[in-house]
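Right after this note come the structures.
Look for chain A in each of the two complexes below; its partner is chain B in the first and chain C in the second.
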Partner chain A sequence: MVESPPPLLDVRDLRTHFATDTGMVTAVDGASFSVPRGKTVCVVGESGCGKSVTGRSILRIVDAPGRVVGGSILWDRDGTGDPVDLATLDPGGPDIRKIRGDEIAMVFQEPMTSLSPVHTIGSQIAESVRLHTDLDDDAVRGRVIEVLGQVGMPRPESRYDAYTFQLSGGMRQRAMIAMALVCHPRLLIADEPTTALDVTTQAQILRLMVQLQAEMDMSVLFITHDMGVVAQIADEVVVMYLGTVVETGPTEQIFTDPRHPYTRALLQAIPRFGQRRAGRALSIIPGSVPDPYRRPGGCPFHPRCAQARPGTCDVVEPATVTVAERRDVRCVLAAEEVHS
Partner chain B sequence: MMTQFVIRRVLYMIPTLIAVSIVTFLVIQAPPGDYLTTVVARLEAEGQYVDRGQLDALRERYGLDESVWVQYWRWITGIVLHGDFGQSLVYSAPVSDVIQERLGLTILLSVTTLAFVWAVAIPIGMYSAVRRYSVGDYAATFVGFIGLAIPNFLIALILLYVSYRYLGQSVGGLFSPEFVDARWNLGKVLDLLAHLWIPVVIIGTAGTAGMIRVVRANLLDELNRPYVVTARAKGLPERRLLIKYPSRIAASPIVSTVGWLLPSLISAEIIVSVVLSLPTTGPVMLRALESQDMYLAGSFLLVLSVLTVVGTLISDILLARLDPRIRYGRR
Partner chain C sequence: MAETTLETRASGAEAAPPMAEGNLLEVRDLEMHFAERSGWLRRSRRVVRAVDGISFDVRAGETLGLVGESGCGKTTTGRCLVRTHAPTGGRLMYRGGDGREVDLAALPHRDLPDYRRQIRMIFQDPFSSLNPRMTVRDIIGEPLRVNGVARGAELDDRVADLLVRVGLRPQHRSRFPHAFSGGERQRIVIARALSLDPRLVIADEAVSALDVSVRAQILELMVTLQRERGLTYLFISHDLSVVEYLCDRVAVMYVGKVVELGPTEELFTRPQHPYTQALLAAVPQPDPTRRNILTQRPLEGEVADPADPPPGCHFHPRCPFARDICRTEEPALRPTADGRRVACHFAEELSLPGLAVDDDAAGLSDPEDT
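This part shows the complex of A and B:
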């Protein structure tokens, strides 16, 4: 067996908390997963489970009063085995700023509100290039027009001077993707980039992202709650529940052999007949997501778990066990299988 | 696009100006009896001789025997074509002579006050928003509420006392006695500046306190918007980010206040000017209204209204520069 190279990104026991006026929100509470080079990893889970906060924690752009309070975010850009721990950097300091937009870029859900309404898209994309390169004005402009063409923006020269309100939703999201890709990042974090778009445009944007990922040989951390999207684009899956990662593994294994009761419930919640908008149906899982201020003790899933064991699951936090290569499960049942 | 917008906006101004002038004319006409009746009554009350020939000339001049529209037409063309605002009763002089210098000082006072309000309120408001709930924010809030709560005349008295007691400056007015009737020279300008700050602070304090709240609230609204997070995710340093993105968008509602801030400053100016006996339009306006000197009062009204319309035009043009959606008629 070939020794696999160190992952591009390795998140260990990440904790991001919001000290709000009404109490502490443990949005991410001990999440661990990694992103291999050149692969697409999908993060899935119900609304509010901490997917977005996890993505933002990596770039250290969590909104106040949120703070990364624990764990490590190991960023190994060149595979030297000597990673930078992003979790220890000052979120307002120059070190993380050099990485943002250059080595790790992000695409957000709402292209309308995520782009400035009063600046042209060209100037917003160019800003990234100016920050991270020494190119002169003409070269910057050329680079921006080139990347606009790459993301399939028609007539990129004239679209340089367009404002967001002059573009359709799909074109705005292409501009957003162009902005993220213009400095050729090693990792693209995409936070539900297609959720706000209509179905046809969704499919186009997804195809575009798959194609660009291959062309540019970058890794993608794709956040979604749509299992249909996962099946379509993911190499690996990270399943999150209440701020924790409950299961990770290669996409095919997750779909054919889910080990965690929550993953199974997620998969059962997908409607048949190939209906794609599966994410909407996730609430079919019995019970509802607990109040973020009062996380249940023991296994966070135990109030809704059909296989929960009283006396164990509601008392002890289950350990994360590695059941196969790149395959972790956080459940007592999986732990017993491995030990027996 | 911008030029088109400005031309369109200037054209829109014309009907507004006509409406303003009609309203002003109606105000002039409002007191019972015509202008000459008032003149005659006044002269007779003072036991003066009334010259028939002079009265007839005035009657002819203002078209008092003709329809109201002819009167309006004579009045407005006199103003627009000859700068003739009519005759002031109280001062027995052409209105234009009475208001000219005072109007200049009023505009100077108002514009300086506006600059003072912005220069103080914008940095403090921005600081308060960015460092929300910090000691500095609470201090700004506290001082701001005090500024809003203390009446202008009290600030006036305090400042007068301070400037008289500790700065040894003459109290009230915009000039020291030796400069009042002097011609304009460097000394007079410096003397004016030395006096100007007192009314500026008095008139501007309440506005500054209010503006701090407005700036803070507007910026807070924008600070956590997704486009700010996007800019941060590009690696933009916080300070540049603040100036370039949220501040630019938060500035729009503030710029749009220029238009109506001017009249409110001018009305605040009336009271303060009376208290401080400033040679601005305020006291004259008050006197004109008291004594029904309608051409004088009406002229003030007209000029100040026109200034407000112009102020609105300026703020609209600034807004369009700030926000392309306005230029393209999307908002």
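This part shows the complex of A and C:
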């Protein structure tokens, strides 16, 4: 087997906990996955699965009282095999601030709350160029106008001086993406960037992101709850449930041969075209995602799992087994298949 | 931003023609314009044509989908039907439980309670549509009490019965909403909507805020309740895959107008309006072997401003097929050869691609068999 280059980002056993007055919330509880160079990895799961906190943990911008309490986040920018462990850096220190916005950038769901309403979009984007380069004012302005053009903003010279309220939702999200891409990051973390948009605008933004990713040869970690979006853009998929990664693998394999009962149930819960007329109801996962304060013991999915085995799944945390190349499943059933 | 209703509708309009057999509701030329005042001393005034002359029927026992992007007027249409808004024009003919035909749009306020019992609404966000200080018993029982339907022990039984029907445990009826998850809250909202035995339920983005696994539960619950109680649904949503699953017929709206109306299967497999086609093409298909978003050209531009829509066909600035006539003449919603209704000058000439039936979904290859 040819040795593949080390991944750009390798998250191992990440634990991010929130110590609140009412108890400890284990938002991310031992998540492991990696992001290869130049690929799009989608993190998918329902609300409360820890997908957003995972994204924020990588950039070390978890809101208080959340803290990265364990695991490693290995960032290997140049593929030298000598990575930086982001998990050990001081979240407010100079080392992570050099990486944040420059090597790793992030796009959020709601552009209206993440862009400043009292600064022009041009000046907001220019700020990050000034922080990370030593270009003069004219060159900074030129770079900002160039990136606004790249993200498909019409008349970028005049939009430089526009305020967010003068832009539509789709244009604001383009401005957010421009801000993230202006320093040519190696990794873009996008947290539900199209969820608040209409479908036709969502299609424009998804297409733009895929095109920019190829042009700039960067990796994208795309966080979403929408299996349709995953199928459209992902090279690899990371399925999360209650702070754990239950399954990872190449997109086609996840969709055609899901191994974890949760992934399987999730896929069968989405309506397919023609399904109702064919007389097939949606398959239903009973119950709902448990309260974060009352995580079930053993496998976190066992109370809702049709194949759960009493005495095993409710007692023992399942191990993660590698069933094929770049294909991990955290379930006792998969472990048995591998061992037999 | 101040929104006030324009002049109340002219009273004494000519008598409405009788309703067609089998129709529960006939919407005719419904108009809901809002006057928006802004600026110095609020002197500048613009008229937002949220709903601008739409017509459709709702047949008894069917599920009619109302789809479109934000700002198309679908929510305003729903709110006109329950008379949260008093329409500025048009008729809303409704056939009551007693067989009488009334125009809801012209109904005086004192007569509204009768019809509000028959037409109920389910809202999008189960977190803001339930009063956090009321117990589930009070939330579900309130419509029964206010309308004098039941009291005391009978009320309690009715509430328990409704909870069972929506899949909740009656023992939980003295709990407050915060003790329930999002999906359970939406079940409470549904139980409340059903408490007065309505005939028409208007569901405005009723499953949009829910997680995928919970969404499937609520959709199947709505299907079951419709079968058991012969309910009629007006299902308002932006999510085309859910609409395709649930609805018998679909009306597509764009900037205050209905642009296409027809049976779900035909509309999805053979769209006749370019906007319908563009909407379908923009839905990310959950199938990595069919990457429609990346292979098809997305619709350019953005939804027009309903206060200042483009002349002619409102869709023409974004339409790849637009010609001169589209820029000047507004197309009427007219029947086409196969009985659908389309508002496009070139509906017959265009041959637009729709969606192909998902083989997996149709059961041709059942994943459970393998």
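Assume the second predicted complex is superposed on the first by the 328 of 340 C-alpha atoms of A that agree within 3 Å, B and C clash if a C-alpha of one lies under 4 Å from a C-alpha of the other, contacts with A are read in each partner's own complex, and residues count from 1 in each chain.
One rule holds for everything that comes next: a residue touches a chain if its C-beta (ideal position, glycine included) is under 8 Å from a C-beta of that chain, and two chains touch if they have at least 3 such contacts.
Being a predicted model, the structure only gives us computed values, none of them experimental.
Of the two partner chains placed around the shared chain by superposition, neither chain B nor chain C is touched by A:139. In the superposed model, A:266 makes contact with chain C only, not with chain B.
Set side by side, chain B and chain C differ in how many residues of chain A they touch, and the one touching more is C.
By the touch criterion defined above, A:255 reaches chain C but does not reach chain B.
In the superposed pair of complexes, A:99 makes contact with chain B only, with no contact to chain C. Once the two complexes are overlaid on the shared chain, A:338 sits clear of chain B and of chain C alike. By the touch criterion defined above, A:47 lies against chain C but remains apart from chain B after alignment on the C-alpha atoms of chain A.
Of the two partner chains placed around the shared chain by superposition, chain C is the only one that A:289 touches, whereas chain B remains out of contact.
Within the complex formed with chain A, the chain C residues making contact are 69-70, 181-184, 211-217, 219-220, 223, 238, 240-242, 244-246, 265, 268, 278-279, 281-289, 291-294, 298-300, 302-303, 355-358, 360-363, 367. The residues of chain A lying in touch with chain C in their complex are 46-47, 168, 170, 198-204, 206-207, 210, 225-234, 251-252, 255, 264-285, 288-289, 304. Remark: chain A residues 56, 59, 61, 63-64, 92, 97-102, 105-106, 108, 110, 113-119, 127-128, 131-132, 163, 165-166, 176, 179 touch chain B in the complex.
Considering their complex, residues 224-227, 229-238, 245, 248-249, 322-325, 328, 330 of chain B touch chain A.
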